[in-house]
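Next come the structures, one after another.
In the two complexes below, chain A is the common chain; its partner is chain B in one and chain C in the other.
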Partner chain A sequence: MERRGALMLKRLVITVVVGAISPCAVAAERTAVLIVSATSVVTSLDAHDARLLFLGHPVRVAGHVLVPLRNLSDARLEQVFLQNLVAMTSTGYDRYVLRLALQQGRPRPREFGDSGALLAALTVSPLAVTYTWDSEIRGNPDVRIVRVLWRE
Partner chain B sequence: MQRRRALRCADRAETVEPSKSNSQAKLEEPPATVKYHQLERLIIVMWTLAAATGAAAGDASSAVDAARAAATTTTATPASTLRHDYFLLGSGSLRATDGLSDLSQQESTSLLALDILADLSYREIRLLGEYVITSDETELERLQLGWEPNENLLLWLGRYHQPSSYWNQRYHHGQYLQTAVTKPRIEEWEDTRGLLPQHMVGMLLESTWQLEQRGAVDVTLGLGIAPALGLDGLDPYSLLHHHDAPSTGAYNFRIDYRPMGGSNGELENSVGLLLSHNEIELTAARRQLSPANFSHIDQNILGAYVDWRFGSWRTLGTIYYVEAKFDVTDGYEPDHFAAAYLEIERPLGARVTTFSRLETFSRTNESRYLSFFPERLDQRLMAGVRWDYARKQALKLELASVKSPNDKFWEMRLEWSVAVR
Partner chain C sequence: MARVTDSLWLRVALATLAVNAVLIPSLYYRVSQVVATGQSENFVGQVRTYARLIADELEIDDALDHPERLALLLDSVILSGGGVFAEIQDANQRYRSLIAPRNDTVYTGDDFAFGGGGDQIYYLSLPINRPEHDATLRVGFDESATHAQIAETKRQMLLALAVFAGLSMLLAIWFARIVTKPVRDIQARSRRVASGAYDEHILVRTSVAEIRDLAQDLESMRTLLTGVNSRLRAEIREREVAEASRMALEQRLAVSQRLETVGTLAGGVAHEFNNLLTPILLLTENALDDLTTDHPARADLARVAATARRARKLVHDVLTFSRGFGTERAQPISLGEIVTDACDLLASQLASHGIAIQREIAVRPVMVSGDANLLHQVVTNLLVNADHAMNDVGGVIIVRVDTTVGEDDADAGPVPYACVEVIDTGHGMDETTTNRVFEPFFTTRQVGHGTGLGLSVAHGIITSMHGKIRVTSQAGVGSTFRVLIPQLEEQSNAVA
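The block that comes next holds the complex of A and B.
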């Protein structure tokens, strides 16, 4: 009886420990990536150009102006975008892209609240660039990672 | 990979209507002006509808995302890219003052404003329009057709904001975009009794020279038709209805240096020189109702500005020296004055920003040119706070002490501003 109780206690401890560790393990694998369509002309994008692109400045590859798509589907990803890609506060970023549009008539980055719609828009445009969690696109042959933005 | 054209102030042009406050001038206003106003409204409404319709139709994504992205639609292939965007900047403000002079009473105690901006771009071609509706007026502010052969060159034709005002190039009519409620008096638009020409019709050239590892130099040159001097101040040329004075030249130039370095410094810090030459004629109404001993004014403006961040502090200042030569029968009668302002901003956290600005004029009473503007001021000191309480919405409170040639008063302003889309 005592042995059975000890066994149950052991199982409980293991369950609790595994349960506690699992989210950390998942979180540790979380990576934000910059992606393009598999048919895109873009093969790589340095941090400077990626920042300019999402700030609304024209960035060209092979003579074509790239099109930024903003991913608003995940609040944590939005934080990563602001801190690691454009290096601005949310208010500062909004005012910046609005000002540029007001000054030079440059279209602002298009915004998506749904990741499925975002990926659909990305895959049909060889000039589009966006960002997402790598887990969202793992095994997806229609997109290509051009840069790792952040790793948790 | 090629890259970067940095930010520069493009331009914007404000619309000006024929003299409004003088009753006699109103009587002389041609009836066709009404049609022009209707045409203006029609253009902007059609443009806005086209942008919205195209956005909804061109988006293959969900309805939710179509709504989110309605303002910015892209049809992109490597061969061609058609993009369009539009957004609205709205504001509502209240003002209280204890002053009694023209300067203190020139504005309404409340003001509602809506700034509508729409743009289209296809390959190297751009089209940019801006329309402003306020509780006092409606105007087509800018309409520009642009050609951008590469990232470092952009040529515009149409109505634009003259480039030698850094403040106006940076904020245009966007109340939400500027930190404070008010703009410096010297930067006011003509239809709010501005002192200097701001809106031109003609050509605007924007170019950038990249300096390896050291930043960039921007050069902006405007060649256009100058405003005329009417009974209510400066009267700019418009695409659809224009003043009746002879068309004379305006040449405006700005050169900026933007150093590279810092997280935002490369994009946000700049210093520059400002040069303008404006040939200002008199409108028929002014010639008829207020005869003067001069035929026109040759105005030369030399200025410099700095917009710099030191840690979390931002300083934005400009100084102008304005020379006005009145063409009298036996030569030129010289005149001059100077104006300067310095604004300091300091964020307190992510959503709150404090700011303060001092602006001052020289020869306010002696300058003949300034005498045409009863709302001139000697000095204004203001301070305020901005609260970005929600995404793309802000509340601002501003207190100011103002000294004019014949009055000294306080004023308080409260403003709500928003960017939609």
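The block that comes next holds the complex of A and C.
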């Protein structure tokens, strides 16, 4: 009986540990957010302007044209960006941005595959806007959240 | 079996089948991917855009502050957007459309790709960013229609590819038939030409230019070869005729040389024998003149004289064969009259043997230069010879007199001849006998029934008249003697 009880306890401990460190548990807390530099003039950005910004259209705040930065460091974040921010498929977005670049000469949003480089570029540019997981910037005084894009 | 497996149409069909077996599955797989991707991207793009529009509306509108308007907005998602699920999660409140076709649907998390979750519903959620609300819009759209559309497109594509495969096979076989049919036609015609049907044209009706050109080339070759073949056949025929003529001439030359040799020998012997007979006959006649009529030796001497005279006649005949007659005795004579006289003379004798004479004598005079008596003797000898040949069975002897342009020495060419033909239906002769028939003392008759000089004498007479005497015979059928004597020059000119 004692042996059986010890075995059940062992299973319970393993279950709790695995559940605590599993991706689901982590993912449940993930939130995709739109961020700017702490020194940015941007205090808020509605969904329409955010969409226009990342589609390549000029968006002005206090007379300044904002600069979009794309975060390609995480595949899931890229899916959130496409579904919740620009509301397009990957092909549709690329086609749209390319069409603007070719027809109107609009610059494509700069792309970053490394989140560190992205945050560095963001902090030095008060007009830059990007998106990331809130866990990436938790406790970072150099950035400011202006919008929640998605909650898991 | 090998002929079937080697046939072009089967190989083309198999090649087409192999190409289709590789091409069609890969084509189907690739196009299916393109179709599925296109349809799913279209679906995802539309639902994302639509959801974004609803979320934007909620952000700028005050629907969240009025539950009744929120319900209408969620209903419009179901009604206008084709959704199957629409709800707002705002703090602890949850608002949900009640007209959703599947109210038991449970939000299971966002789908970021078409077909995700395996529940045929594409879920997505968008936070509503308003200061006084921490809300989230959750909507779900039915994927089954798009799945069905993709499946239907695949089915139609599969059907189209199957039709394509079938048609391509049929086209391949049809094309192979178009090629092989004229080729087989050409082959059949070529074989007929090869088997001797040189007039068979190797032309085929086909729309394939290469095969048409091939047929024309073969036809040209056939025409060329046929011409060459005809020339070769003509040359071979000419050579055969020339060879036959040469052999006949050689045979005649051999016979002539043999007759000349025999004639020379016989003439020499006859001359010497005649010299021996002259004193025998002269002295015997003198002795008879000296003896009285009742002298007992007179009868014996008379018999010696008679025998000597017969011997002189024999010698005379031999000399006639070997030397002919003197041209100084030649005079114009009508060949028809000579033949008629000879026939008249022998008609009764022949009739007694059951033999009739059928005379076919030219109406116009056929004149030659020669000795009438000797020529008469020739015709008589020929008739007697025919009489002997037909003695046992009887029949009709055809005697024909006419003119002809016949053979002569190669240098002289064809010359006009007077011709006498004596045709019997007797027992005939074999080739050996025919070749020796003009030799002196050669006879097939029994001993005592002929001297074997008749035809020899006739040959000598005709030869001395610059003529020719020919015989053709077939054992059991009969013989034809043909005497050719040059016509008188005046007459031949007149005829010409």
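Criterion: the second predicted complex is superposed on the first by the 129 of 152 C-alpha atoms of A that agree within 3 Å, B and C clash if a C-alpha of one lies under 4 Å from a C-alpha of the other, contacts with A are read in each partner's own complex, and residues count from 1 in each chain.
By our rule, a residue touches a chain if its C-beta (ideal position, glycine included) is under 8 Å from a C-beta of that chain, and two chains touch if they have at least 3 such contacts.
Note that the structure is predicted; figures quoted are calculated from it, not measured.
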item	value
Chain B versus chain C as contact partner of A:104, first or second or both or neither	first
Contacts of A:94 with chain B and chain C, given as first, second, both or neither	first
Contacts of A:145 with chain B and chain C, given as first, second, both or neither	neither
Contacts of A:47 with chain B and chain C, given as first, second, both or neither	second
Most chain A residues touched (candidates chain B, chain C)	B
First (chain B), second (chain C), both or neither touched by A:126	first
First (chain B), second (chain C), both or neither touched by A:84	second
On chain A, the residue positions that both chain B and chain C contact, one per complex	46, 48, 87-89, 91-92
Parts of chain B lying in touch with chain A, wherever the complex brings them together	1-12, 59-62, 64-65, 68-69, 71-74, 76-78, 81, 83-85, 87, 89, 117, 119, 121, 126-128, 130, 144, 146, 148, 151, 154, 169-172, 174, 176-177, 206, 263-264, 267, 350-351, 388, 391-392, 419
Interface residues, chain A side, partner chain C - complex	46-48, 51, 76, 79-80, 82-84, 87-89, 91-92, 147-152
Residues on chain C engaged by chain A in the complex (per definition of touch)	41, 44-45, 48-49, 51-52, 55-56, 59-60, 109-110, 112-113, 124-127, 129, 136
Contact set on chain A toward chain B in their complex	41, 45-46, 48-49, 52, 55, 57-65, 67, 72, 87-92, 94-96, 98-114, 116-118, 120-121, 124-128
